[in-house]
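First the structure, in the form of structure tokens, and then the observations on it.
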Amino acid sequence: MTAAAPTAGTGSESKARRGFSLRWLVVAVPYLWLTAFFLVPFLIVIKISLSQRAVARPPYVPVIDLSAGIEALIAAIQQFSFDNYIWLTQNPLYLRAYGSSLWIAGISTLLVLLVGYPIAYGMARAPRRWQPTLVMLVILPFWTSFLIRVYAWVGILKREGLLNQFLMSLGVIGEPLTILNTNWAVYIGIVYSYLPFMVLPLYAALEKMDQTLLEAAADLGSPPFRSFWQITFPLSLPGVVAGCFLVFIPATGEFVIPDLLGGSNTLMIGRTLWSEFFSNRNWPIASAVAVVLLLLLVVPIVLFQNRAEKEQGAIGKAPVP
Amino acid sequence: MIARTSWFNVTSVTLGLAFLYLPIVLLVVYSFNESRLVTVWAGFSTKWYVSLFQNRSLLDAAWVTLRVAFVSATIATVLGTLAAIALVRHGRFRGRALFSGMIYAPLVMPDVITGLSMLLFFIAVGLDRGFWTITLAHITFSMCFVAIVVQARLVTFDMSLEEAALDLGAPPLKAFLLITLPIVMPAVVAGWMLAFTLSLDDLVIASFTTGPGATTLPMKIYSSVRLGVTPEINAACTILIGIVTAGVIAASIFTKRREIERRRAERLAAQQA
Amino acid sequence: MAAKAVGPVRRKFAPWNDPSAKPFIEFRNVTKRFGDFTAIDRLSLVIYEREFFALLGPSGCGKTTLMRMVAGFEEPTEGHVFLDGEDLVGVPPYRRPVNMMFQSYALFPHMTVAGNIAFGLKQDRMPKAEIERRVEEMLALVQLTKFAHRKPHQLSGGQRQRVALARSLAKKPKVLLLDEPLAALDKKLREETQFELTDLQQKLGLTFLIVTHDQEEAMTVADRIAVMDHGRIVQIATPAEIYEQPNSRYVADFIGDINLLEGHIASVKDGVVRFESVATGTPIEVVQELDASPGDHAWFAIRPEKVSIALARPGEPLPPNSVEGEVWDIGYLGDVSIYHVRLPSGAILKSTIANATRLVERPITWDDKVWLTWARDSGVVLTK
């Protein structure tokens, strides 16, 4: 934490030692915590995905007992197998679930982008003094229960629900629409819940944009629509990409929304994992499902991390001579 | 700079906000509904609020949730702030790639994966599930959000302030505690509030890591949703919304007042210069 | 280079000429590298006690790095820094008897003016009553006694600067470092503050080290100036010496306005240098002790205010240090007029004349044929 940049060999010993221990602590504490509670659990998931189901407590074999000695450990490792994974890849239901999850998440991300972009754009173009209030209004629902807000959509979307009542009273439709328990309800649910995650990065990118660029374009004869496509949209791309990451990756593994709003044929891997774990009590399979899901998402996650780090520019500062 | 407030912009924002707030408004309205059906308005009544306060299990769940949220938010803030300092101030230390990977991944990781892995971990180490396992799980993913928020503020922090403190004789730790921390405190507080909300809201991870006697409010709500909801839930949510809204309005009035006072003081100073 | 004293000296203060004077701040063969980039290259420098010393140079020349090495925020890659005989290497900034006034002032926004000034004293565990007394003393020094309980955002730019100054002087450091202290001030305030700084320095008897890119500022406040370029010191001298006897084109060009004529040395004899330049055609004579040989490539440098301009020919036969030309452009600055005169060779020579009378119509105007002359000891020949 010292502001000085001590170069090798020029620090006095006691200073280096004291500074070292404090700096070390600042890194070590969160590092150790995350290793213990984030990394190790993943390794355990992988380990269990290689195990078999058993009627026991815990419901899998082999159980690794570190105190039982090296031989017991080796014997246990020899019991590992990729059977669960093979089973998964041969099971069309699961393959469909993965595909469906990626598809639904993808469509939802696109929809969130289409709905969110005009909102973010409107916010960025609003009078300066209203903008903080608008941001606050977008964030506020986030502070109320996510579960409840999704649940409210049940009331709106069901056959006797408000949407149908509203449309029928207007005479737009004769028969109530079946929206609830279909993929469409899931799309609406995801768009609703993840909207702030798209709007806020988009707003941040659009708000930073230099308005005089558009004035210059207009001065050179470009009509508004063309200016948007050739100037505004490309410059807002970082916000678009950030928003898409923030929606797509978690949406792929969503559980609550497909569970409350989706139907029995809404295949999403989050639900599958949940029921495999809680209903079937098949932990090894559930673990394998989780590992495969993670593998599917690892590329977007790594891309997201690299982008986020670069954006923050958090890797030290260049020294100023 | 001319901001063209075209009708398109205004419509988009208005429709967008209406879309966001519609379910909330409905919830609030139906919490006062005489009938328990969400589709029929049968008159104004506060009976659900009354029965809410007599619903032991719901109140217990709310209490558990608040305790978990408070404890996990506080510890997550400490850990997240340390992590932010490590990311911003410690340059390229060995193992940094893994460290920042572990900070950024939970931000987008699907809850089911996090919940499953934490539960399996607790079982493997033989930890009894309950209040503390939920709290530990919440701390782990909340601290990453806190780290991001605090990091964003630290990156823009004017290092010359800390250098000035060092120059005047304060050793590094003191300089940080006396100068840097008070100045970035708003970001730390924002991080705490974010962690608190995330914990309050969480269903999936709590479901995986819970134990006997540690049912959280979201879990309670989820189970009643499957069975058919009484508007007591609506009442609970309306209260929650009321508290949050009141808090936000109070906070923004407070900051507005400080802003006005600050502007007035600056103008006064400029005149007297 | 001539060791002759040049110009009037403000005070009889010149420890650099006193062989028995002890160095107060000393850089000994200091090198500083950031990765591949060498910011400071084998630099040695001695600063004496009670000096007001200026490091002058463009951005990136290494002056700020040098100052930060005295403060303790940078450590030399090689070499040593000494303060009052003590080796500073390895000593952290919070243990050095040095204080710095930051360019951005770096006032603690969450503390009052009094709190800011008291901060350093609290770190020294000074008794409370003494702290209060010292804070009052500092506030009186910078005339901010009534502002003790204000916070920085409630102060104007000039007031903030004075708080920063008071805070950095509160601990009575051996050395005060000033990092471009006047950069943020407007012209009028800057002039006032320059004199306040020199007054303060003399009154308190402290050693001041100032870093600046503004040559006027350096010339006004400093006892000695070190002109830097790319991590090296090009010349160290008093302001008068730097101005009148620059040792290179870099220094001559950096400080003030200069006419530079390229040519070669015709002869060096009896303290007089004969210089020939294609630009003028006519011979140039300079009274100067110069270590050079006939035929050496060199430049002749003369300040515009030392060049006289007249309509009449300076005499028959034509004396050296005179040349004919045509008025190409005139810059009227109110107090002076700068005549840009085009010589037959195509070169432009500048002559600055004070507008000593209120005449609106001056005798010399555009396109006039004029004669430029200067004295034998007005210019200087530079070999680098």
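Each chain carries a letter (A, B and C) given by its place in the written order, and its residues are counted from 1.
One rule holds for everything that comes next: a contact is a pair of C-beta atoms (placed from the backbone, for glycine too) under 8 Å apart; a residue touches a chain by one contact, two chains touch by 3 or more.
Nothing here was measured: the structure is a model prediction, and the numbers come from that model.
Student: Between B-C and A-B, which chain pair shares more contacting C-beta pairs?
Tutor: Result of the comparison of B-C and A-B: A-B.
Student: Specify the chain most distant from chain A by Cα centroid.
Tutor: Looking at centroid distances, C is the chain farthest away.
Student: Taking each chain's centre as the mean of its CA atoms, how far is chain A from chain C in angstrom?
Tutor: Result: the chain centres lie 58 Å from each other.
Student: Using mean CA coordinates as chain centres, what's the chain B-chain C distance in Å?
Tutor: Result: the chain centres lie 55 Å from each other.
Student: Just curious, how far off is chain B from chain A if you go by their C-alpha centres, in Å?
Tutor: One centre to the other, that is 16 Å.
Student: Provide the list of chain B residues touching at least two other chains, using ranges where the numbers run on.
Tutor: 163, 166, 175
Student: What residues in chain C touch two or more of the other chains?
Tutor: 72-73, 92-93, in rising order.
Student: Touching at least two other chains at once: which residues of chain A meet that condition?
Tutor: 2-3
Student: Name, in rising order, each residue of chain C that touches chain B in their complex.
Tutor: Chain C reaches chain B through residues 71-73, 92-95, 98-100, 102-104, 106, 108-110, 119-120, 123-124, 150-151, 153-159, 167-168, 171.
Student: Which residues, counting only chain B, touch chain C once they are in their complex?
Tutor: Spelled out, the residues of chain B in touch with chain C are 158, 160-161, 163-171, 174-175, 178-179, 182-183, 262, 265-266, 268-270, 272-273.
Student: In the complex of these two chains, what residues of chain A are touching chain B?
Tutor: By the definition above, chain A touches chain B via 1-3, 19, 22-23, 26-27, 29-31, 33-35, 37-42, 44-45, 48, 58, 64, 115-116, 118-119, 121-123, 125-128, 134, 136-138, 140-149, 151-156, 160-162, 165, 192, 195, 199, 211-212, 215, 245-246, 249-250, 252-256, 260, 270, 273-274, 277-278, 283, 286-287, 290, 293-294, 297, 300-302, 304-305, 308-309, 312-317.
Student: Which of the residues in chain B end up touching chain A in this complex?
Tutor: Going through chain B, the ones touching chain A are 1-6, 8-13, 15-17, 19-24, 26-27, 30, 38-39, 79-80, 82-83, 85-93, 95-96, 99-113, 116-118, 120-121, 123-124, 136-137, 139-140, 143, 147-148, 151-152, 155, 159, 162-163, 166, 172-173, 175-176, 197, 200-201, 203-204, 207-208, 217-218, 221-222, 225, 229, 233, 237, 240-241, 244-245, 248, 252.
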